[in-house]
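These notes concern the structure reproduced below.
Residue numbering begins at 1 within each chain, and the chains themselves are lettered A, B, C and D in the order written.
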Amino acid sequence: MRVSVIGGGRVTDEEAATAEELGRELAERGHEVVCGGLGGVMAAACRGASEAGGHTIGILPTERRADANDYVDTAVATGMGNARNVLVVMNGDAVIAVDGGTGTLSELGHALDVDRPVAGIGTHRIDGVEGIDHVETAEAAVESVERRA
Amino acid sequence: MRVSVIGGGRVTDEEAATAEELGRELAERGHEVVCGGLGGVMAAACRGASEAGGHTIGILPTERRADANDYVDTAVATGMGNARNVLVVMNGDAVIAVDGGTGTLSELGHALDVDRPVAGIGTHRIDGVEGIDHVETAEAAVESVERRA
Amino acid sequence: MRVSVIGGGRVTDEEAATAEELGRELAERGHEVVCGGLGGVMAAACRGASEAGGHTIGILPTERRADANDYVDTAVATGMGNARNVLVVMNGDAVIAVDGGTGTLSELGHALDVDRPVAGIGTHRIDGVEGIDHVETAEAAVESVERRA
Amino acid sequence: MRVSVIGGGRVTDEEAATAEELGRELAERGHEVVCGGLGGVMAAACRGASEAGGHTIGILPTERRADANDYVDTAVATGMGNARNVLVVMNGDAVIAVDGGTGTLSELGHALDVDRPVAGIGTHRIDGVEGIDHVETAEAAVESVERRA
(Lines give C-alpha, C1' and ligand atoms only; values in the text may rest on other atoms or scores of the structure.)
Protein backbone atom coordinates (compact mmCIF):
# COMPACT_ATOMS: atom_id res chain seq x y z
CA MET A 1 0.00 0.00 0.00
CA ARG A 2 0.98 3.66 0.10
CA VAL A 3 1.59 5.36 3.45
CA SER A 4 1.64 9.11 4.12
CA VAL A 5 4.42 10.10 6.49
CA ILE A 6 3.85 13.46 8.16
CA GLY A 7 5.91 15.45 10.62
CA GLY A 8 7.92 18.57 11.22
CA GLY A 9 10.26 20.20 8.74
CA ARG A 10 12.76 20.73 11.55
CA VAL A 11 13.56 17.77 13.75
CA THR A 12 15.88 16.57 16.48
CA ASP A 13 18.42 13.85 15.69
CA GLU A 14 16.24 11.36 17.50
CA GLU A 15 13.13 12.25 15.47
CA ALA A 16 15.13 12.05 12.26
CA ALA A 17 16.39 8.59 13.24
CA THR A 18 12.82 7.47 13.96
CA ALA A 19 11.57 8.84 10.64
CA GLU A 20 14.42 7.20 8.75
CA GLU A 21 13.72 3.87 10.41
CA LEU A 22 10.04 4.32 9.57
CA GLY A 23 10.85 4.89 5.90
CA ARG A 24 13.10 1.84 5.80
CA GLU A 25 10.52 -0.33 7.55
CA LEU A 26 7.80 0.77 5.12
CA ALA A 27 9.94 0.07 2.06
CA GLU A 28 11.07 -3.32 3.35
CA ARG A 29 7.44 -4.32 3.74
CA GLY A 30 6.72 -3.24 0.17
CA HIS A 31 4.94 0.05 0.85
CA GLU A 32 5.34 3.32 -1.02
CA VAL A 33 5.98 6.51 0.96
CA VAL A 34 4.19 9.78 0.20
CA CYS A 35 5.04 12.96 2.10
CA GLY A 36 5.27 16.72 1.78
CA GLY A 37 8.59 16.42 -0.04
CA LEU A 38 10.64 18.85 2.04
CA GLY A 39 13.09 18.47 4.96
CA GLY A 40 13.00 17.14 8.51
CA VAL A 41 10.74 14.12 9.00
CA MET A 42 9.95 14.14 5.27
CA ALA A 43 13.57 13.92 4.13
CA ALA A 44 14.50 11.35 6.77
CA ALA A 45 11.58 9.07 5.88
CA CYS A 46 12.39 9.34 2.18
CA ARG A 47 16.05 8.57 2.82
CA GLY A 48 15.18 5.46 4.80
CA ALA A 49 12.71 4.27 2.18
CA SER A 50 15.05 5.06 -0.68
CA GLU A 51 17.98 3.20 0.85
CA ALA A 52 15.73 0.17 1.27
CA GLY A 53 14.73 0.33 -2.39
CA GLY A 54 11.26 1.84 -1.91
CA HIS A 55 9.46 4.39 -4.07
CA THR A 56 8.99 7.85 -2.56
CA ILE A 57 6.56 10.60 -3.59
CA GLY A 58 6.83 14.22 -2.46
CA ILE A 59 3.86 16.58 -2.81
CA LEU A 60 5.36 20.04 -2.58
CA PRO A 61 3.81 23.34 -1.48
CA THR A 62 5.78 25.23 -4.13
CA GLU A 63 5.63 25.37 -7.91
CA ARG A 64 9.12 23.88 -8.32
CA ARG A 65 9.85 20.15 -8.36
CA ALA A 66 13.47 21.08 -7.64
CA ASP A 67 12.43 22.01 -4.10
CA ALA A 68 12.01 18.33 -3.22
CA ASN A 69 14.54 16.69 -0.92
CA ASP A 70 17.17 14.45 -2.51
CA TYR A 71 15.39 11.22 -1.66
CA VAL A 72 12.11 11.96 -3.43
CA ASP A 73 11.70 9.77 -6.54
CA THR A 74 8.51 11.35 -7.85
CA ALA A 75 8.11 15.02 -7.03
CA VAL A 76 4.74 16.70 -7.53
CA ALA A 77 4.67 20.48 -7.41
CA THR A 78 1.40 22.19 -6.44
CA GLY A 79 2.02 25.90 -5.86
CA MET A 80 -0.80 25.69 -3.33
CA GLY A 81 1.12 26.26 -0.12
CA ASN A 82 -0.28 24.40 2.84
CA ALA A 83 -3.47 23.54 0.98
CA ARG A 84 -1.29 20.72 -0.35
CA ASN A 85 -1.43 19.14 3.12
CA VAL A 86 -4.80 17.64 2.31
CA LEU A 87 -3.26 16.04 -0.80
CA VAL A 88 -0.47 14.48 1.26
CA VAL A 89 -2.92 12.54 3.43
CA MET A 90 -5.44 11.89 0.65
CA ASN A 91 -2.72 10.10 -1.31
CA GLY A 92 -1.91 7.52 1.35
CA ASP A 93 -3.95 4.51 2.37
CA ALA A 94 -2.83 5.19 5.91
CA VAL A 95 -0.99 7.97 7.75
CA ILE A 96 1.90 7.88 10.22
CA ALA A 97 2.97 11.03 12.11
CA VAL A 98 6.36 11.54 13.69
CA ASP A 99 6.26 14.42 16.16
CA GLY A 100 5.22 17.51 14.22
CA GLY A 101 4.00 21.06 14.62
CA THR A 102 0.91 22.89 13.47
CA GLY A 103 1.19 21.75 9.85
CA THR A 104 1.18 18.17 11.06
CA LEU A 105 -1.83 18.98 13.22
CA SER A 106 -3.74 20.10 10.13
CA GLU A 107 -2.76 16.87 8.40
CA LEU A 108 -3.95 14.77 11.34
CA GLY A 109 -7.31 16.53 11.08
CA HIS A 110 -7.54 15.95 7.33
CA ALA A 111 -6.45 12.30 7.71
CA LEU A 112 -9.16 11.55 10.27
CA ASP A 113 -11.63 13.49 8.15
CA VAL A 114 -11.07 11.12 5.21
CA ASP A 115 -11.08 8.07 7.48
CA ARG A 116 -7.48 7.03 7.10
CA PRO A 117 -6.02 4.81 9.84
CA VAL A 118 -3.51 7.00 11.68
CA ALA A 119 -0.58 6.05 13.90
CA GLY A 120 1.61 8.55 15.72
CA ILE A 121 5.05 8.41 17.32
CA GLY A 122 5.40 11.27 19.78
CA THR A 123 2.75 13.27 17.97
CA HIS A 124 -0.10 15.48 19.20
CA ARG A 125 -2.51 14.05 21.76
CA ILE A 126 -5.92 15.57 21.22
CA ASP A 127 -8.73 15.41 23.77
CA GLY A 128 -11.89 13.83 22.46
CA VAL A 129 -10.46 12.82 19.09
CA GLU A 130 -10.33 9.11 18.37
CA GLY A 131 -8.51 7.33 15.61
CA ILE A 132 -4.86 8.10 16.34
CA ASP A 133 -2.96 5.06 17.62
CA HIS A 134 -0.12 6.44 19.74
CA VAL A 135 2.82 4.04 19.60
CA GLU A 136 6.49 4.05 20.58
CA THR A 137 8.37 2.70 17.59
CA ALA A 138 8.45 2.81 13.80
CA GLU A 139 7.74 -0.91 13.66
CA ALA A 140 4.69 -0.59 15.90
CA ALA A 141 3.39 2.28 13.76
CA VAL A 142 3.67 0.28 10.55
CA GLU A 143 2.02 -2.74 12.14
CA SER A 144 -0.78 -0.54 13.47
CA VAL A 145 -1.70 0.90 10.09
CA GLU A 146 -1.19 -2.41 8.25
CA ARG A 147 -3.71 -4.00 10.60
CA ARG A 148 -6.31 -1.28 10.08
CA ALA A 149 -5.92 -0.24 6.40
CA MET B 1 -11.74 42.98 10.81
CA ARG B 2 -12.81 39.65 9.36
CA VAL B 3 -13.14 36.61 11.62
CA SER B 4 -13.21 32.96 10.55
CA VAL B 5 -15.78 30.96 12.48
CA ILE B 6 -15.13 27.22 12.39
CA GLY B 7 -16.99 24.28 13.89
CA GLY B 8 -19.00 21.18 13.21
CA GLY B 9 -21.61 20.79 10.51
CA ARG B 10 -23.84 19.01 13.02
CA VAL B 11 -24.37 20.65 16.38
CA THR B 12 -26.38 20.43 19.57
CA ASP B 13 -28.91 23.16 20.31
CA GLU B 14 -26.51 24.63 22.83
CA GLU B 15 -23.64 24.80 20.35
CA ALA B 16 -25.93 26.38 17.76
CA ALA B 17 -27.00 29.00 20.30
CA THR B 18 -23.37 29.77 21.10
CA ALA B 19 -22.46 30.05 17.41
CA GLU B 20 -25.43 32.32 16.74
CA GLU B 21 -24.50 34.57 19.64
CA LEU B 22 -20.94 34.61 18.34
CA GLY B 23 -22.10 35.73 14.89
CA ARG B 24 -24.28 38.46 16.39
CA GLU B 25 -21.48 39.66 18.67
CA LEU B 26 -19.03 39.83 15.77
CA ALA B 27 -21.44 41.79 13.57
CA GLU B 28 -22.36 44.21 16.34
CA ARG B 29 -18.69 45.02 16.80
CA GLY B 30 -18.33 45.66 13.08
CA HIS B 31 -16.59 42.47 12.03
CA GLU B 32 -17.25 40.36 8.93
CA VAL B 33 -17.77 36.61 9.32
CA VAL B 34 -16.14 34.07 7.01
CA CYS B 35 -16.89 30.36 7.35
CA GLY B 36 -17.24 27.13 5.39
CA GLY B 37 -20.71 28.15 4.24
CA LEU B 38 -22.60 24.99 5.19
CA GLY B 39 -24.75 23.98 8.20
CA GLY B 40 -24.30 23.57 11.95
CA VAL B 41 -21.92 26.10 13.50
CA MET B 42 -21.49 27.78 10.12
CA ALA B 43 -25.19 28.40 9.54
CA ALA B 44 -25.81 29.48 13.13
CA ALA B 45 -22.93 31.98 13.08
CA CYS B 46 -24.09 33.40 9.74
CA ARG B 47 -27.67 33.72 11.01
CA GLY B 48 -26.53 35.62 14.08
CA ALA B 49 -24.29 37.93 12.05
CA SER B 50 -26.90 38.44 9.38
CA GLU B 51 -29.65 39.37 11.86
CA ALA B 52 -27.30 41.93 13.38
CA GLY B 53 -26.64 43.45 9.95
CA GLY B 54 -23.20 41.97 9.37
CA HIS B 55 -21.66 40.69 6.15
CA THR B 56 -21.14 36.93 5.87
CA ILE B 57 -18.89 35.00 3.49
CA GLY B 58 -19.13 31.24 2.89
CA ILE B 59 -16.27 29.36 1.24
CA LEU B 60 -17.82 26.13 0.04
CA PRO B 61 -16.24 22.72 -0.62
CA THR B 62 -18.51 22.17 -3.63
CA GLU B 63 -18.72 23.76 -7.07
CA ARG B 64 -22.19 25.18 -6.42
CA ARG B 65 -22.84 28.51 -4.72
CA ALA B 66 -26.39 27.29 -4.15
CA ASP B 67 -25.03 24.88 -1.51
CA ALA B 68 -24.45 27.80 0.86
CA ASN B 69 -26.70 28.17 3.89
CA ASP B 70 -29.44 30.83 3.75
CA TYR B 71 -27.50 33.37 5.78
CA VAL B 72 -24.41 33.59 3.56
CA ASP B 73 -24.25 36.95 1.75
CA THR B 74 -21.25 36.19 -0.44
CA ALA B 75 -20.87 32.55 -1.40
CA VAL B 76 -17.60 31.36 -2.92
CA ALA B 77 -17.60 27.90 -4.52
CA THR B 78 -14.30 26.03 -4.74
CA GLY B 79 -14.95 22.44 -5.84
CA MET B 80 -11.89 21.55 -3.76
CA GLY B 81 -13.49 19.54 -0.97
CA ASN B 82 -11.79 19.92 2.35
CA ALA B 83 -8.76 21.58 0.78
CA ARG B 84 -11.00 24.65 1.08
CA ASN B 85 -10.48 24.51 4.86
CA VAL B 86 -7.18 26.30 4.49
CA LEU B 87 -8.97 29.09 2.58
CA VAL B 88 -11.51 29.49 5.40
CA VAL B 89 -8.83 30.31 7.96
CA MET B 90 -6.56 32.19 5.53
CA ASN B 91 -9.42 34.60 4.86
CA GLY B 92 -9.91 35.71 8.44
CA ASP B 93 -7.70 37.99 10.52
CA ALA B 94 -8.49 35.75 13.47
CA VAL B 95 -10.22 32.41 14.03
CA ILE B 96 -12.87 31.31 16.53
CA ALA B 97 -13.80 27.64 16.91
CA VAL B 98 -17.05 26.39 18.41
CA ASP B 99 -16.79 22.72 19.31
CA GLY B 100 -16.00 20.85 16.10
CA GLY B 101 -14.83 17.52 14.76
CA THR B 102 -11.90 16.47 12.60
CA GLY B 103 -12.51 19.09 9.91
CA THR B 104 -12.30 21.75 12.60
CA LEU B 105 -9.12 20.13 13.87
CA SER B 106 -7.53 20.55 10.43
CA GLU B 107 -8.61 24.20 10.45
CA LEU B 108 -7.08 24.79 13.88
CA GLY B 109 -3.81 23.41 12.54
CA HIS B 110 -3.93 25.61 9.45
CA ALA B 111 -4.89 28.67 11.53
CA LEU B 112 -1.93 28.26 13.86
CA ASP B 113 0.28 27.54 10.87
CA VAL B 114 -0.49 30.95 9.38
CA ASP B 115 -0.19 32.66 12.77
CA ARG B 116 -3.79 33.70 13.26
CA PRO B 117 -4.94 34.41 16.81
CA VAL B 118 -7.31 31.58 17.71
CA ALA B 119 -9.98 31.35 20.39
CA GLY B 120 -12.06 28.28 21.10
CA ILE B 121 -15.32 27.58 22.91
CA GLY B 122 -15.51 23.93 23.84
CA THR B 123 -13.07 23.00 21.08
CA HIS B 124 -10.16 20.55 20.92
CA ARG B 125 -7.49 20.74 23.60
CA ILE B 126 -4.18 19.69 22.11
CA ASP B 127 -1.14 18.75 24.17
CA GLY B 128 1.92 20.82 23.41
CA VAL B 129 0.19 23.20 21.01
CA GLU B 130 0.09 26.84 22.03
CA GLY B 131 -1.95 29.63 20.57
CA ILE B 132 -5.53 28.53 21.23
CA ASP B 133 -7.23 30.63 23.89
CA HIS B 134 -9.88 28.39 25.43
CA VAL B 135 -12.77 30.53 26.68
CA GLU B 136 -16.33 29.99 27.91
CA THR B 137 -18.47 32.50 26.03
CA ALA B 138 -18.90 34.10 22.62
CA GLU B 139 -18.12 37.50 24.09
CA ALA B 140 -14.89 36.28 25.65
CA ALA B 141 -13.87 34.69 22.34
CA VAL B 142 -14.40 37.92 20.42
CA GLU B 143 -12.53 39.95 23.02
CA SER B 144 -9.68 37.45 22.95
CA VAL B 145 -9.11 37.70 19.21
CA GLU B 146 -9.70 41.46 19.11
CA ARG B 147 -6.95 41.89 21.66
CA ARG B 148 -4.47 39.75 19.74
CA ALA B 149 -5.24 40.44 16.06
CA MET C 1 -26.68 37.36 -11.22
CA ARG C 2 -22.93 37.28 -10.73
CA VAL C 3 -20.62 37.78 -13.69
CA SER C 4 -16.93 36.85 -13.90
CA VAL C 5 -14.88 39.50 -15.65
CA ILE C 6 -11.56 38.21 -16.96
CA GLY C 7 -8.73 39.89 -18.81
CA GLY C 8 -5.13 40.98 -18.69
CA GLY C 9 -3.35 42.45 -15.69
CA ARG C 10 -1.73 45.02 -17.97
CA VAL C 11 -3.98 46.91 -20.33
CA THR C 12 -4.07 49.78 -22.79
CA ASP C 13 -6.12 52.86 -21.94
CA GLU C 14 -8.77 51.72 -24.36
CA GLU C 15 -9.06 48.27 -22.79
CA ALA C 16 -9.25 49.84 -19.33
CA ALA C 17 -12.05 52.13 -20.51
CA THR C 18 -13.95 49.15 -21.92
CA ALA C 19 -13.51 47.15 -18.71
CA GLU C 20 -14.63 50.10 -16.58
CA GLU C 21 -17.72 50.59 -18.72
CA LEU C 22 -18.39 46.87 -18.45
CA GLY C 23 -18.22 47.01 -14.65
CA ARG C 24 -20.55 50.01 -14.56
CA GLU C 25 -23.01 48.38 -16.95
CA LEU C 26 -23.07 45.19 -14.89
CA ALA C 27 -23.67 47.06 -11.63
CA GLU C 28 -26.39 49.24 -13.11
CA ARG C 29 -28.24 46.14 -14.21
CA GLY C 30 -27.98 44.70 -10.70
CA HIS C 31 -25.21 42.17 -11.26
CA GLU C 32 -22.29 41.39 -8.96
CA VAL C 33 -18.77 41.33 -10.42
CA VAL C 34 -16.24 38.61 -9.57
CA CYS C 35 -12.70 38.74 -10.90
CA GLY C 36 -9.11 37.85 -10.09
CA GLY C 37 -8.80 40.88 -7.81
CA LEU C 38 -5.61 42.37 -9.23
CA GLY C 39 -4.88 45.19 -11.73
CA GLY C 40 -5.58 45.91 -15.39
CA VAL C 41 -8.96 44.67 -16.59
CA MET C 42 -9.76 43.45 -13.07
CA ALA C 43 -9.20 46.81 -11.39
CA ALA C 44 -10.97 48.75 -14.14
CA ALA C 45 -14.05 46.53 -14.01
CA CYS C 46 -14.18 46.76 -10.21
CA ARG C 47 -13.84 50.54 -10.35
CA GLY C 48 -16.70 50.84 -12.81
CA ALA C 49 -18.92 48.50 -10.79
CA SER C 50 -18.02 50.15 -7.52
CA GLU C 51 -18.78 53.67 -8.75
CA ALA C 52 -22.19 52.43 -9.90
CA GLY C 53 -22.88 50.99 -6.46
CA GLY C 54 -22.28 47.33 -7.30
CA HIS C 55 -20.67 44.62 -5.19
CA THR C 56 -17.25 43.38 -6.31
CA ILE C 57 -15.46 40.16 -5.36
CA GLY C 58 -11.76 39.52 -5.99
CA ILE C 59 -10.35 35.99 -5.83
CA LEU C 60 -6.62 36.45 -5.41
CA PRO C 61 -3.71 34.17 -6.33
CA THR C 62 -1.82 35.20 -3.18
CA GLU C 63 -2.34 34.53 0.52
CA ARG C 64 -2.89 38.23 1.29
CA ARG C 65 -6.26 39.99 1.01
CA ALA C 66 -4.31 43.24 1.00
CA ASP C 67 -3.12 42.42 -2.53
CA ALA C 68 -6.60 43.19 -3.89
CA ASN C 69 -7.12 46.33 -5.94
CA ASP C 70 -8.81 49.30 -4.24
CA TYR C 71 -12.22 48.60 -5.76
CA VAL C 72 -12.68 45.07 -4.46
CA ASP C 73 -15.36 44.92 -1.75
CA THR C 74 -14.91 41.27 -0.78
CA ALA C 75 -11.39 39.95 -1.21
CA VAL C 76 -10.77 36.22 -1.05
CA ALA C 77 -7.15 35.08 -0.72
CA THR C 78 -6.25 31.61 -2.00
CA GLY C 79 -2.46 31.21 -2.01
CA MET C 80 -2.99 28.88 -4.97
CA GLY C 81 -1.43 30.93 -7.75
CA ASN C 82 -3.10 30.50 -11.10
CA ALA C 83 -5.05 27.48 -9.90
CA ARG C 84 -7.36 30.19 -8.59
CA ASN C 85 -8.36 30.93 -12.20
CA VAL C 86 -10.81 28.07 -12.12
CA LEU C 87 -12.42 29.61 -9.03
CA VAL C 88 -12.84 32.95 -10.79
CA VAL C 89 -14.98 31.44 -13.54
CA MET C 90 -16.72 28.90 -11.31
CA ASN C 91 -18.01 31.75 -9.17
CA GLY C 92 -19.83 33.59 -11.94
CA ASP C 93 -23.08 32.62 -13.64
CA ALA C 94 -21.55 33.93 -16.86
CA VAL C 95 -18.13 35.10 -18.01
CA ILE C 96 -17.04 38.19 -19.97
CA ALA C 97 -13.47 38.54 -21.28
CA VAL C 98 -11.83 41.81 -22.22
CA ASP C 99 -8.72 41.20 -24.29
CA GLY C 100 -6.38 39.10 -22.19
CA GLY C 101 -3.25 36.97 -22.36
CA THR C 102 -2.51 33.35 -21.50
CA GLY C 103 -4.09 33.50 -18.04
CA THR C 104 -7.31 34.66 -19.67
CA LEU C 105 -6.98 31.84 -22.17
CA SER C 106 -6.92 29.32 -19.32
CA GLU C 107 -10.02 30.97 -17.86
CA LEU C 108 -11.87 30.79 -21.18
CA GLY C 109 -11.11 27.05 -21.26
CA HIS C 110 -12.33 26.55 -17.69
CA ALA C 111 -15.45 28.67 -18.34
CA LEU C 112 -16.47 26.62 -21.36
CA ASP C 113 -15.62 23.46 -19.45
CA VAL C 114 -18.19 24.31 -16.77
CA ASP C 115 -20.73 25.44 -19.37
CA ARG C 116 -20.85 29.13 -18.56
CA PRO C 117 -22.11 31.47 -21.25
CA VAL C 118 -19.09 33.47 -22.39
CA ALA C 119 -18.85 36.79 -24.21
CA GLY C 120 -15.61 38.40 -25.33
CA ILE C 121 -14.56 41.88 -26.36
CA GLY C 122 -11.35 41.71 -28.36
CA THR C 123 -10.44 38.39 -26.77
CA HIS C 124 -8.91 35.19 -28.17
CA ARG C 125 -10.50 33.63 -31.24
CA ILE C 126 -10.04 29.88 -31.08
CA ASP C 127 -10.52 27.57 -34.06
CA GLY C 128 -13.07 24.86 -33.47
CA VAL C 129 -14.21 26.09 -30.06
CA GLU C 130 -17.82 27.18 -29.78
CA GLY C 131 -19.48 29.10 -27.01
CA ILE C 132 -17.65 32.43 -27.04
CA ASP C 133 -19.84 35.26 -28.35
CA HIS C 134 -17.43 37.82 -29.80
CA VAL C 135 -18.96 41.30 -29.47
CA GLU C 136 -17.81 44.90 -29.85
CA THR C 137 -19.07 46.71 -26.76
CA ALA C 138 -19.56 46.29 -23.03
CA GLU C 139 -23.30 46.67 -23.45
CA ALA C 140 -23.45 43.95 -26.11
CA ALA C 141 -21.39 41.64 -23.89
CA VAL C 142 -23.75 42.08 -20.94
CA GLU C 143 -26.80 41.56 -23.12
CA SER C 144 -25.24 38.44 -24.60
CA VAL C 145 -24.66 36.74 -21.28
CA GLU C 146 -27.98 37.93 -19.79
CA ARG C 147 -29.77 36.29 -22.68
CA ARG C 148 -27.95 32.97 -22.27
CA ALA C 149 -27.42 32.61 -18.49
CA MET D 1 12.82 15.29 -18.49
CA ARG D 2 9.14 15.02 -17.65
CA VAL D 3 6.54 15.87 -20.29
CA SER D 4 2.87 16.70 -19.69
CA VAL D 5 0.60 15.07 -22.25
CA ILE D 6 -2.79 16.74 -22.51
CA GLY D 7 -5.83 15.98 -24.63
CA GLY D 8 -9.43 14.88 -24.66
CA GLY D 9 -10.93 12.18 -22.51
CA ARG D 10 -12.81 10.87 -25.52
CA VAL D 11 -10.86 10.30 -28.71
CA THR D 12 -11.07 8.85 -32.18
CA ASP D 13 -9.02 5.75 -32.99
CA GLU D 14 -6.59 7.93 -34.90
CA GLU D 15 -6.06 10.31 -31.97
CA ALA D 16 -5.57 7.36 -29.62
CA ALA D 17 -2.96 5.90 -31.97
CA THR D 18 -1.14 9.24 -32.07
CA ALA D 19 -1.22 9.57 -28.28
CA GLU D 20 0.04 6.02 -27.83
CA GLU D 21 2.89 6.62 -30.24
CA LEU D 22 3.67 9.83 -28.39
CA GLY D 23 3.86 8.00 -25.06
CA ARG D 24 6.14 5.33 -26.57
CA GLU D 25 8.39 7.92 -28.20
CA LEU D 26 8.72 9.85 -24.92
CA ALA D 27 9.59 6.73 -22.92
CA GLU D 28 12.10 5.52 -25.49
CA ARG D 29 13.91 8.82 -25.23
CA GLY D 30 14.01 8.53 -21.46
CA HIS D 31 11.26 10.96 -20.54
CA GLU D 32 8.58 10.56 -17.86
CA VAL D 33 4.94 11.18 -18.79
CA VAL D 34 2.58 13.18 -16.58
CA CYS D 35 -1.08 13.56 -17.48
CA GLY D 36 -4.55 13.90 -16.01
CA GLY D 37 -4.70 10.17 -15.32
CA LEU D 38 -8.05 9.39 -16.94
CA GLY D 39 -9.08 7.99 -20.36
CA GLY D 40 -8.76 9.00 -24.01
CA VAL D 41 -5.48 10.72 -24.83
CA MET D 42 -4.31 10.26 -21.24
CA ALA D 43 -4.79 6.48 -21.22
CA ALA D 44 -3.34 6.03 -24.69
CA ALA D 45 -0.22 8.04 -23.88
CA CYS D 46 0.28 6.14 -20.63
CA ARG D 47 -0.15 2.81 -22.41
CA GLY D 48 2.46 3.71 -25.00
CA ALA D 49 4.91 4.94 -22.37
CA SER D 50 4.29 1.98 -20.12
CA GLU D 51 4.85 -0.58 -22.86
CA ALA D 52 8.16 1.12 -23.67
CA GLY D 53 9.21 0.88 -20.01
CA GLY D 54 8.61 4.52 -19.06
CA HIS D 55 7.28 5.95 -15.80
CA THR D 56 3.79 7.48 -15.92
CA ILE D 57 2.17 9.88 -13.46
CA GLY D 58 -1.56 10.63 -13.38
CA ILE D 59 -2.87 13.69 -11.51
CA LEU D 60 -6.54 12.99 -10.98
CA PRO D 61 -9.47 15.37 -10.49
CA THR D 62 -11.07 13.01 -7.98
CA GLU D 63 -10.18 11.95 -4.45
CA ARG D 64 -9.63 8.31 -5.47
CA ARG D 65 -6.36 6.95 -6.85
CA ALA D 66 -8.37 3.99 -8.13
CA ASP D 67 -9.87 6.28 -10.78
CA ALA D 68 -6.56 6.30 -12.67
CA ASN D 69 -6.31 4.42 -15.96
CA ASP D 70 -4.53 1.05 -15.92
CA TYR D 71 -1.27 2.43 -17.30
CA VAL D 72 -0.61 5.02 -14.60
CA ASP D 73 2.32 4.00 -12.37
CA THR D 74 2.05 6.81 -9.85
CA ALA D 75 -1.47 8.09 -9.29
CA VAL D 76 -1.99 11.36 -7.41
CA ALA D 77 -5.52 12.14 -6.26
CA THR D 78 -6.47 15.78 -5.74
CA GLY D 79 -10.23 16.05 -5.21
CA MET D 80 -9.94 19.48 -6.86
CA GLY D 81 -11.82 18.85 -10.09
CA ASN D 82 -10.47 20.79 -13.03
CA ALA D 83 -8.34 22.98 -10.80
CA ARG D 84 -5.97 20.02 -11.07
CA ASN D 85 -5.36 21.01 -14.70
CA VAL D 86 -2.84 23.60 -13.58
CA LEU D 87 -0.97 20.88 -11.68
CA VAL D 88 -0.81 18.69 -14.79
CA VAL D 89 1.09 21.32 -16.76
CA MET D 90 3.10 22.64 -13.80
CA ASN D 91 4.54 19.16 -13.31
CA GLY D 92 6.01 18.81 -16.76
CA ASP D 93 9.11 20.51 -18.16
CA ALA D 94 7.24 20.74 -21.46
CA VAL D 95 3.70 20.14 -22.69
CA ILE D 96 2.36 18.24 -25.70
CA ALA D 97 -1.32 18.44 -26.67
CA VAL D 98 -3.13 15.89 -28.82
CA ASP D 99 -6.40 17.29 -30.10
CA GLY D 100 -8.47 18.19 -27.06
CA GLY D 101 -11.56 20.08 -25.94
CA THR D 102 -12.14 22.90 -23.50
CA GLY D 103 -10.23 21.25 -20.64
CA THR D 104 -7.21 21.01 -22.92
CA LEU D 105 -7.71 24.65 -23.84
CA SER D 106 -7.44 25.62 -20.17
CA GLU D 107 -4.25 23.57 -19.91
CA LEU D 108 -2.74 25.26 -22.96
CA GLY D 109 -3.41 28.61 -21.28
CA HIS D 110 -1.84 27.49 -18.01
CA ALA D 111 1.15 25.96 -19.83
CA LEU D 112 1.92 29.17 -21.69
CA ASP D 113 1.33 31.11 -18.49
CA VAL D 114 4.14 29.22 -16.75
CA ASP D 115 6.39 29.43 -19.80
CA ARG D 116 6.48 25.78 -20.73
CA PRO D 117 7.45 24.93 -24.32
CA VAL D 118 4.27 23.59 -25.93
CA ALA D 119 3.78 21.44 -29.01
CA GLY D 120 0.41 20.42 -30.42
CA ILE D 121 -0.81 17.73 -32.80
CA GLY D 122 -4.18 18.72 -34.20
CA THR D 123 -4.87 20.96 -31.20
CA HIS D 124 -6.47 24.40 -30.87
CA ARG D 125 -5.16 27.21 -33.05
CA ILE D 126 -5.52 30.48 -31.18
CA ASP D 127 -5.27 33.89 -32.82
CA GLY D 128 -2.61 36.12 -31.34
CA VAL D 129 -1.19 33.50 -28.97
CA GLU D 130 2.41 32.49 -29.56
CA GLY D 131 4.30 29.58 -28.12
CA ILE D 132 2.40 26.57 -29.46
CA ASP D 133 4.39 24.68 -32.10
CA HIS D 134 1.80 22.99 -34.30
CA VAL D 135 3.27 19.77 -35.72
CA GLU D 136 2.01 16.70 -37.57
CA THR D 137 3.53 13.73 -35.76
CA ALA D 138 4.40 12.44 -32.29
CA GLU D 139 8.06 12.40 -33.22
CA ALA D 140 8.00 16.01 -34.36
CA ALA D 141 6.25 17.02 -31.15
CA VAL D 142 8.87 15.36 -28.95
CA GLU D 143 11.70 16.88 -30.97
CA SER D 144 10.07 20.28 -30.74
CA VAL D 145 9.85 20.30 -26.94
CA GLU D 146 13.27 18.65 -26.49
CA ARG D 147 14.81 21.46 -28.50
CA ARG D 148 13.11 24.18 -26.47
CA ALA D 149 12.98 22.81 -22.87
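Keep in mind that, in the parts below, a residue touches a chain if its C-beta (ideal position, glycine included) is under 8 Å from a C-beta of that chain, and two chains touch if they have at least 3 such contacts.
Given the structure is predicted, the values throughout are model-derived calculations rather than measurements.
Q: Same interface as B-C shows up in which of A-C, A-B or A-D, over half of contact pairs matched?
A: Residue-number overlap above half with B-C among A-C, A-B or A-D: A-D.
Q: When contacts are scored as defined above, which chain pair ends up with more C-beta pairs, A-D or B-D?
A: A-D is joined by more C-beta pairs in contact.
Q: Could you put a whole-Å number on the gap between the CA centroids of chain A and chain D?
A: One centre to the other, that is 29 Å.
Q: Return the distance between the CA-based centres of chain B and chain D, expressed in whole Å.
A: Taking the mean C-alpha position of each chain, the two centres sit 40 Å apart.
Q: Pull out every residue in chain B that's touching 2 or more other chains.
A: Within chain B, the residues that touch at least two other chains are 63, 79-83, 86-87, 114.
Q: Contact residues on chain D for chain B in the complex?
A: 63, 79-83
Q: What does chain D use to touch chain A in their complex?
A: 2, 55, 57, 59, 63, 65, 74, 76-79, 86-87, 90-91, 114
Q: Under the touch definition given earlier, write down the residues of chain A that touch chain B in their complex.
A: Going by the criterion above, the answer is residues 80-83, 85-87, 101-110, 112-114, 124-129, 131.
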